[in-house]
Each structure stands twice: as C-alpha cells, then as structure tokens.
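Heads up, the next two complexes both have chain A, just with different partners, chain B and then chain C.
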Partner chain A sequence: MGNSKLYKGSLNTIILKLLDEEGKMYGYEITQKVKELSKGELNITEGALYPALHKLEAEGLLDVEVAKVDNRLRKYYKLTKQGEKETVNRLAELEDFIRSMQQLVNPDWSIQ
Partner chain B sequence: MKLTQNQIEELFKFTRAHYVEYYDLQLELVDHLANGIEKQWEENPGLTFEEAKNREFKKFGVFGFQDVINERRKAMSKKYRGIIWGHFKEWWSLPRIIATLTFVMVIFTMLKMLPPGELKKGIVSGIFIGFSLVMLFRTFQLKKRMEGAWRKWMLQEIIYNQGLLVNLFTIPMNLLNLTWTNDFMDNLYFQLALSLLIVSMGLLLKICGYVIPSKADEILAETYSEYKIS
Partner chain C sequence: MAISKEEVIYIDNYLKFLGVKYMDIRLEILDHLASEFENIQEPTSLGDFLRTKRSFVKRYENQWQKAKHWAHQRALIKRIIGYFYKPNQLFIPICIGIFFGFNATLLPKSLIAISFCISLIVPQCIHFYIYYKPEGIYKNIQSAKYILSIMALPSIFMYLMGIMAPIIKESPTVFYAYWFFAMVFNIAGLQEVMTLKRQIVKTYSKLISN
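Up next is the complex of A and B:
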C-alpha cells in the first residue's frame, strides 16, 4: 500500500478529476475507482472521503443528485460550473507540484 | 446478492445507534455500508449480514462515523454563513437602505441627547439584553418546530438553533460594562459606531431569527435533493 500521507493533500484534486471524467459518481464508487486506477496502491478511507466530498459541496464545487437505486436512495456527486473551472486550476497546481518535486529529487527528469 | 428492505432498515438503525441523527448523513452512510456489504458477499457469500456490516463499519476507523459527522457540521456551518451573507447583501434595496440609515440616525440622536452617565450605558445594555431575549425566545419557538419531526436535517438544526447568536449579542454588553467608560460614551464618533453596531446586530437578528427560518423549507430543498423525495 502506498504512503497515504503523500496522497492526503491531493485527495480533493483526485475527487474533482474523477468527477470530471466520469460525470457523476457516488461515494462508494469513488473509493472503488481510485483503488482500481491505482491498482490497489491508494486506498481512500471512508473517514476521509465523505468529509472531503462535503467540504467540496459546501465550497460550491459539487452538486448533489439523489436517485433511488435498488431499495435505497443514493447520493451522486457531480461538478458544478465553478467546480469544472476549479478542477483545471487544481490539476495545474498539482502538475506544478509534481514538477517541483521531481526537480528536487531527480533534477535530470522532466515532464512534457 | 442484494440487501433486503429489512436489512436496509437495520442499517438506518445502526447509523442512529452510532450517533448519526441526521437523515441526510444516514442516507449516504447506509448506501455506503450497503454497497460494501454487497461487495463482500460477491467475494465471500458465506458471510452473515452482521459480519459483513461490522467489517464495513471498521473501515471508518476507531472513531466510527464521528469524523464524518464533525466535518459535515463544519461544511454545513460554512454553508449557513454563506446563506447569512447572501441575505445580508440582498437586504440593501433603496427603501431598506433609507430605513436602516434612519434607524442609525435615531439611535445616534438618542445617544447624543441622553444625559452623560450610567443611564446611557444602561439603555445600550438594555438594547443588547433585549436582542438576546428575543433571540432566546425565537430559538425556543424554532426548536419546538423541530420537535417530533420525523427526520432531522443538519442544516435545519443549524438554521433553527440560534444559541450562538445570543453569545454574540452579549459580547458588546460585556465590553460596555467592563471597559467602556462614560467619557467614551459621550464621544460622538463612538456614539456613531455604537449606533451602527446596534443596527447591524438588529439586522443580524432579523435575518437569522426570522428571514432565514421562514425560508427554511426552500433552503433545505435547494441543499438536499433528498428533501423533496423523503
């Protein structure tokens, strides 16, 4: 399992990016998708996921839709217009961060 | 294998037993636990409902749902502050600006005309005590509305519970008694600032105690898609 502390600061960006790609997702689906994409390397804990989703929702970056699935109600999250813009900004910030880290740990390396 | 309606009801009871009082959170956590349990059954069909449920709950960590509840409250409080700010900005139409400025001038004139001394302090303290009492009464009224409600919503509780505002009203009162001397009270600039503070507090009382609670249904329906469905 990867070092979760390294991922922690990027959790919101990961959520925004996933929603940008998938359109709308529910909490459990996000945890499974991250596990699948990172091949089990990154495990988003439930105790961290929902606070992050609720914070993004309160910031106006996410919108919620409720639908009846099987015999229960399910909350889907999707990006708002503001959320779409913020995703672009946060991804650019993350990319800058990765570039800086790479220069620190491996100065010969570069990303396109 | 899918969960039955009874098992879903069990999960609602389980979240309530773990101090999740609010339906908006219960709904999300129940769906999460249900998905986790169904996933476990796919991999290990021999697991009982109880075993799968406990395994899924353990994933929330040693504090269970507490972190989720606390963070949700922070997020909803932030949203509430945004709602207050939105109403405050909306307030400023021309007739209301005139009315508000008139109030400021009336209080300012009153403070200017009152004889120097303790009386002035007493009257200002009285206004703030009045605000606190109105707010306490309003909180009591609004809380009664929530009693016996079938479902509790976190934002509704924040809107209806104005206890914190009472604390806010007592701050100027305490400052007045502790630090503001009579000389201060006779200073024109201070009187003007105090008039503005009194009117601002009165406006806050109006918005938080009356305007927002009267629109609670509309705000909850806007915030929670499940509010209309439930």
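Up next is the complex of A and C:
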C-alpha cells in the first residue's frame, strides 16, 4: 500500500481479527497472513507488528504460549476472554469508521 | 525448508553478539528471524540476511521493556482497586484497619514509628531478595526485571517519607492515611511480584531446559 499511515490506526484491530479467526498465531505468520489476505497490498513490518503485539499483550487482550517447533521454540499469541470481547467492539468501531469515510469520500457507494 | 539446529545456534549467537542477553527476548526475535529466513525464495546466506535485520533487533529490546513496565503498573492499580470491592479481598483493608487500631491504642509513639518503618521497608526487602538471590534464574530473563518495576510505585511512599515527615507529625489523620495507602500499595506489589514469579518460572522452565 502506498500510504501506510492509512492503515496504521487499524493495525491492532487487524491483529485481533486474525487471532479471532485463526485461534493462535506467531509473529511472522501474522505478517504473511495479512499480505496474503490483502493480495500484497498491506505489508506489516516487524517494526510495527511487535510493538502492537506487546501493547495488546500489556492491555491484557493477548496471551502468549511457547511451543517447541522443529529446532526452536516458538511464541504464539492468542486472544484472552477480554480480547475476544474487545475484538467485537473494535471491529464494530472500524466498520463505523469505514462507513463514515465512505460517506465522506463517495456518498454514492457507501456500505449498506 | 526448516532451518537447521546449527543455523538456530548461529542466529542465537548473533543476537548475543548484538547485545541481546535475555533469553526470553532472544526467543521471540530468533523465531521471527528463523521463520523469515525459511521463507526467502532466493538463495541468501544467513549472515547476509541477519545483517539486514540489525536495526530491528536493536529497537526490539527497548520497546518491549517499555510496554511491559506500564502493563505491570496498571495491573498493580487494578489489584488495589479490587481490595475495596471484591468480597474475597476486603479482608486486606480490614486487617490494615485492625492493625492501625492496635498501633493507635496499645503502642507508645516510639514503637508506632518503628512499626511504621518496618511495614514500609520489609515488603521492599522481600522483593529485592526474590530478584537478587544468588541461585535465582531471573538474571537471564528480561521479564523478571518487571518484578523490580512493579515495586517502583510502592517505593514512591518511601521516597516521599522525608518530604511528608513534617505534615505526618502534625496530623494523625494524614499519617494514618499515608500509612494505609503505603501498606496497600506494598501488599499489592508483593502479590503482583509473587504472581509474576510463578508465571515466569512456569513459562521459562521450558526455555531453560532446552
């Protein structure tokens, strides 16, 4: 995506949504999944991803789990109960925001 | 293609070389770098790949520490608030009240001063012992530093003691209010420390055994 500032504010919601769907994911997997779903349009760098993950963990929305994978240990992130509730709220907020933006930018094709 | 054991050790040594000494931070960075390296399509040497990741590694430790510090301070405040409305925790402020009653009615002023100082100093000493005891595993784990950071807030009461002394001497109400909150913060701090200590041991016993 040309202007990364446009999605920066939604990064936490994107992470929560992915974890809600996938159950548990590790850092690199999140970056790849976003790339895949957005057909390469969104590229979350590790410099943006990990601060976001740590912030969500600090807020009590994410829990971590360490598992042995191949020759190393892997840290998985998953939603806490509070995280599950917060995901619903944040998705609703994001949808409202997108709807408002659509109405502002192009009133003829706003989301129903 | 899965990365080999030798390559994992190479990355781990590279992280140590860059100054990432705590194993819990290395675990997370190592996993990310290994996963990314496994997914590179063009043939690239591991050394070249790691050199491109230097700035990410350097930034990582700082921002991790910052996020965790405030998370634990928030947890401490949350725990204190819980003392005043959770039925199973109400006994804590009640016990402090009884303790104050005992001090005010039965002890002479000189002993009250000693009781006051001990109640503030002992919890701080316990948590320092937990972190610094010689056989402790905490020296190699960054998360264990939060054990110290949790007690930063209760320590404020000790730092303020000098400034507060004239006001405390003048008014018994201010003295008991100050003492009450100092004790509540210290007890909550110690409870947080113990909880985190258990979590750290559980999570990182896995790391240390590998």
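One rule holds in what follows: the second predicted complex is superposed on the first by the 110 of 112 C-alpha atoms of A that agree within 3 Å, B and C clash if a C-alpha of one lies under 4 Å from a C-alpha of the other, contacts with A are read in each partner's own complex, and residues count from 1 in each chain.
Operating definition for what follows: contacts are C-beta pairs under 8 Å (C-beta built on N, C-alpha and C of every residue); 3 or more make two chains touch, one makes a residue touch a chain.
What you are looking at is a predicted structure, and each value in this text was computed from that prediction instead of being measured.
*Asks:* Looking at the combined model built on chain A, do chain B and chain C fit side by side or clash?
*Replies:* Here the two partners, once superposed via chain A, clash with each other.
*Asks:* Looking at A:81, would you say it contacts chain B, chain C, both, or neither? Reply first, second, both or neither.
*Replies:* After superposing on A, A:81 lies clear of both chain B and chain C.
*Asks:* Regarding the shared-chain residue A:99, is it in contact with chain B (first), chain C (second), both, or neither?
*Replies:* After superposing on A, A:99 lies clear of both chain B and chain C.
*Asks:* Just checking: does A:54 make contact with chain B only, chain C only, both, or neither of them? Give me first, second, both or neither.
*Replies:* both
*Asks:* With the two complexes superposed on chain A, say which partner A:66 touches: chain B (first), chain C (second), both, or neither.
*Replies:* A:66 sits against chain B and chain C alike.
*Asks:* Take the contacts of chain A with chain B and those with chain C, and give the residues found in both.
*Replies:* Common interface on chain A, chain B vs chain C: 26-29, 32, 46-47, 50-51, 54-55, 57-59, 64, 66, 68, 70-75.
*Asks:* Would you pull the chain A residues touching chain C in the complex into a rising list?
*Replies:* For this pair, the touching residues of chain A are 26-29, 32, 46-47, 50-51, 54-55, 57-60, 64, 66, 68, 70-75.
*Asks:* Over in the complex, which chain B residues touch chain A? Could you list them?
*Replies:* Within the complex, chain B contacts chain A at residues 2-5, 8, 27-32, 34-36, 39, 59-61, 63, 67-68, 70-72, 74-76, 78-79, 82, 224-226, 229.
*Asks:* Would you mind writing out the residues of chain C in touch with chain A in their complex?
*Replies:* 2-5, 8, 27-28, 30-32, 34-36, 39, 56, 59-60, 63-64, 67-68, 70-71, 74, 203, 206-207, 210
*Asks:* Name, in rising order, each residue of chain A that touches chain B in their complex.
*Replies:* 26-29, 32, 45-47, 50-51, 54-55, 57-59, 64-66, 68-75
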